[in-house]
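Written below as structure tokens is the structure these notes are about.
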């Protein structure tokens, strides 16, 4: 092996800790505090739904990270070994996400049943449909859409994700010390059953948390749509971590252009996949033109008086920003491998995912006419504060886990292949 | 006057040998030369100093043409030349025009890619001096060759032969044009 | 280690600690075979005297194919009424068989394209045959939509399907999903042929040279014509590989789009059981599933006959089994999601459609589908089963059967119980339909047999590229 | 294998491509023309059981179309006259012409003369004679100059494109009501007259359908 780099201190026992760990925690807490202040200014529903956007956003990214690790193991991939370690650290955020989901549950249980999900309150007045209780569509779905089911399912989603994360992390971290290939085999098996479990959990999470906000509406594609956003978010965060560690010097000599090219290609591929799923869903509903499905999109395009809703423009922002911009941008080889070129696009993708989630969640807030409350409103501030708050906690969890192990899985069977990775 | 040879050909046994030989020929400053290999050898492009292929740009042009063709064709046919209301759908919408435009994008990209590859490679070329070499068959089977063309400004029969032999080339032979 | 990173930075300290656990990757070409062994093995299949089993199979295949010819001749001379579909089941076997064959075709492109993009090198052993399978399956698929119009000369005449100026002064209706099908399937056929051909290029050059050396100038000229003067130049390889990658890159969304558009045929309508948004990815997963089933069905006998165990190793079979398992499970996910959303939608028509599928008149078909598509692949969880070639082959046939029934269930059950109870019916195929469909297996086999007789069944250049000998860094001077 | 292919072979592929393009162009142009009614139906002139001359009856003697095809203004279908109509005159004129034997036989027996239909539209096309005449479309537009024909043949292609030509631009084909059976009528060249004629499209509310269901009902 070659001589140690002048920039890196010789033979570090573990990855060096980052000084920003504490800062992330304070930023997170500050964000949460601002969100809490929002309760004094906006209505509880507005703040709660904004908070739902935040928690869904970071959970999606964590799920995506989990899936990337699972897929890495099942396909015996080598290119992603060094990055995988950072994904594993990111999984530390799951237990905090579970904790951060509690405020929504508590608000529902203790404060007001329909603060987020209208169907939780039988007396909730539907615009032009009477109350939830008398709504035939609710009655039909009541055995699925009820509070105990919701709580049990949500708890089990987090249980599944936390358990899988713990298993993957432990196996991988232990391998650093004993170099036993059994751990790789074990992770491969975990992945075999972990992928279907995670997939089911994320589909139903998307149905319960997001789709049921508008419980009249239904689409079989919804889970797949959520999956696409999860992976895209995780890849973008992965790229940012790679760039950060490179800039800090940790990854110098470890990472090469091809690693970035590979992850960039995945970003590109899932851009296409997201577009495919989202287009198919919209297209099939547009083409069939059945009122019981189109109302979901109509709500996001027109107000009751025929004027154009702000959400329509948000839809266009998503169409162009979530597909065309990254698609065309990432076509180029250079844009995938030059650090200063890939960075803006992954940040862009991360922001558009947030807008996509807003588009799916926030129109559940109605005004007195049954129209969606506009996009540009104070709610946006609570969305941002929740995203910063929960994000701060996630980053803190990652940074706290970061120094507990080696920077890269030094005893992974594929580590050498990874370091010499070429196309 | 004896006919000017096409160039010199040297045989190599392994991928590693030709890799190193290619680096030497490249460093010697030759431009009109080539390696003959039975399969793509990783890294040989870099060893030879070959630039990244321009084929993807041709493909992109093809794809854009295809997409525009699709959209404009459907608009022109269904909305302009023969407007016809069917199924309550608008005369033109990018929604229903998308599937076909998408297929045409791919079709045109494929044509552009393959056509581009053939043109950039100057193929088909059924007659070529290298293909007249008596052992060329091994070049598609399990041997590697380096060919340096006489057209190269640095070409010098003796010096080039020496370079090839020094790089480990076996059976250095002149190719007739 | 240092040669791997392309930035000129000194390696950091942590690299000195790197000491990988030993978990060797399975060799993709077993027994460390040499380049010339691969050439001899693959070319040997074409150069040997036609074996007797080939003639026997060819004869049987021709006989079976004649059923299609007979069925279609009768259809064209009499009229589409000879097929069994009528109100309310106006789409029946023709579309079932079309979707079935198109689905089969998908694995070919998938193995080639997606696995190429994902750098799954094990694709090299099976991609050529799988691509051939694609093309032949598209041919079989095309028979049904072309002939279901009855007077096929109208379907083939310019202007009716393809936009071409004509005396009727009309253009195709681009709002119709069936028109999208025309474009999707013809693009798919064309691009598949081109992709296959580009892959064949270097191998045709080898055959050209070998037949010339053997003194067979006619065949040498024939292969040589199509080899386009390929000479293995690295400057060519550079563009060639890039073009191949681009083709793989566009074939992947192409495969997805083709079955997506096939699914649109159903999903853009209002029929309960058809109009569901998950149809596109669900059809694609199903297509890949059935395609891998067919690849296994074809490759396992080929492996046994030609003793290709060094090239199609147990690892390859494992991989294919696992993909079959994965896609089978995805299909299972889609089935359950459909069922769940049918209930969740609280739409009585939608719910009825699914209950009817599972417990109505066609329940037998539904349960065959579930058994073959969801339960059968679950056996592939077990290593023991994956290592039993005969069993894998049998299970792969179950997969094929199951996927045919899936299309049957989707198409026939939804139509047989439409919105109007007075028009409810029961569909059974006529003998002409049965003949036509049965015969397509012969058509497919005839084409496939011709392929293995006259073209290299594996891409020699690519196989060589995945052996250690093709790696310039694993050369003797390094050990 | 350059031992196999001569140097000239390098030009061959380009030549083949050019030939294919040329052949493809010719083939598609040919199919476009020869596979249509324009080519295959125009000029169809079957031999009729009775050598009835439109040139004589209509052109020379000036019998109006509507004397024989008496429903054409009132019915969706234009009728072929019964032998009763023929006998209105031919019971007095040329009473024993051998050429008219089938007409007399038909008149006696009640079985129609087996005329062979010349202008045939497919079953899936709905065509209404009366509406076309009522909106000032003359016989000549579809049937050509019947008044000059010794034996009736198909003069126009009657393809869908042919129908659409007129449906898209009725002003170029419309004429005054009193001229619809005047097959020799010429469109005036005087701009004022032309404007008046083209104005009929508006006056008579002529809106020929261009949708599929206009004709394929």
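Read from first to last, the chains carry the letters A, B, C and D; within each, the first residue is number 1.
Please note the rule applied: a residue touches a chain if its C-beta (ideal position, glycine included) is under 8 Å from a C-beta of that chain, and two chains touch if they have at least 3 such contacts.
Since the model is a prediction, treat every value here as computed from it, not as a measurement.
S.K.: Which chain pair shares more contacting C-beta pairs: A-C, or A-B?
M.R.: Counting C-beta pairs in contact, A-C comes out ahead.
S.K.: Return the distance between the CA-based centres of chain A and chain C, expressed in whole Å.
M.R.: The answer is 34 Å.
S.K.: Once you find the CA centre of chain A and the CA centre of chain D, what distance in Å lies between them?
M.R.: A distance of 69 Å separates the two centres.
S.K.: Measure off the straight-line distance from the CA centroid of chain A to the CA centroid of chain B, and report it in whole Å.
M.R.: Taking the average C-alpha coordinate of chain A and of chain B, the gap between them is 42 Å.
S.K.: Starting from the mean Cα coordinates of chain B and chain C, work out the distance between those two points in Å.
M.R.: 28
S.K.: By the touch rule stated above, which residues of chain B touch at least two different other chains?
M.R.: 42-43, 52, 56, 82, 84, 86, 96, 124-128, 131, in rising order.
S.K.: If you look at chain C, which of its residues touch at least two other chains?
M.R.: Those would be 169-170, 209, 224, 228-229, 253, 264.
S.K.: Two or more other chains in contact with one residue: find those residues in chain D.
M.R.: Expected reply: 1, 3, 5, 10, 13.
S.K.: If I apply the definition of touch given earlier, which pairs of chains qualify?
M.R.: Applying the touch criterion to every chain pair yields A-B, A-C, B-C, B-D, C-D.
S.K.: Spell out the residues on chain A that touch chain B in their complex, using ranges where they run on.
M.R.: 279, 283, 286-287, 289, 331, 333, 422-423
S.K.: Give every residue of chain B touching chain C within the complex, in rising order.
M.R.: So the residues of chain B touching chain C come out as 14-20, 22, 34-45, 47-48, 50, 52-53, 55-56, 59, 63, 73-74, 77-78, 81-82, 84, 86-87, 89, 96-97, 99-100, 102-104, 106-107, 109-111, 113-114, 116-118, 120-121, 123-128, 130-131, 136-137, 139-142.
S.K.: If you look only at chain C, which of its residues touch chain B in the complex?
M.R.: Those in contact with chain B are residues 34-36, 39, 163, 169-177, 179-180, 183-184, 187, 190-191, 194-195, 198, 202, 205-206, 209-210, 213, 224-225, 228-243, 246-247, 250, 253-254, 257, 261, 264, 460-462, 464-465, 469-478.
S.K.: Under the touch definition given earlier, write down the residues of chain B that touch chain D in their complex.
M.R.: Going through chain B, the ones touching chain D are 82-86, 124-129, 131-132.
S.K.: In the complex, go through chain C and note every residue touching chain D.
M.R.: Interface residues on chain C, with respect to chain D: 157-159, 164-170, 208-209, 212, 217, 220-221, 224, 228-229.
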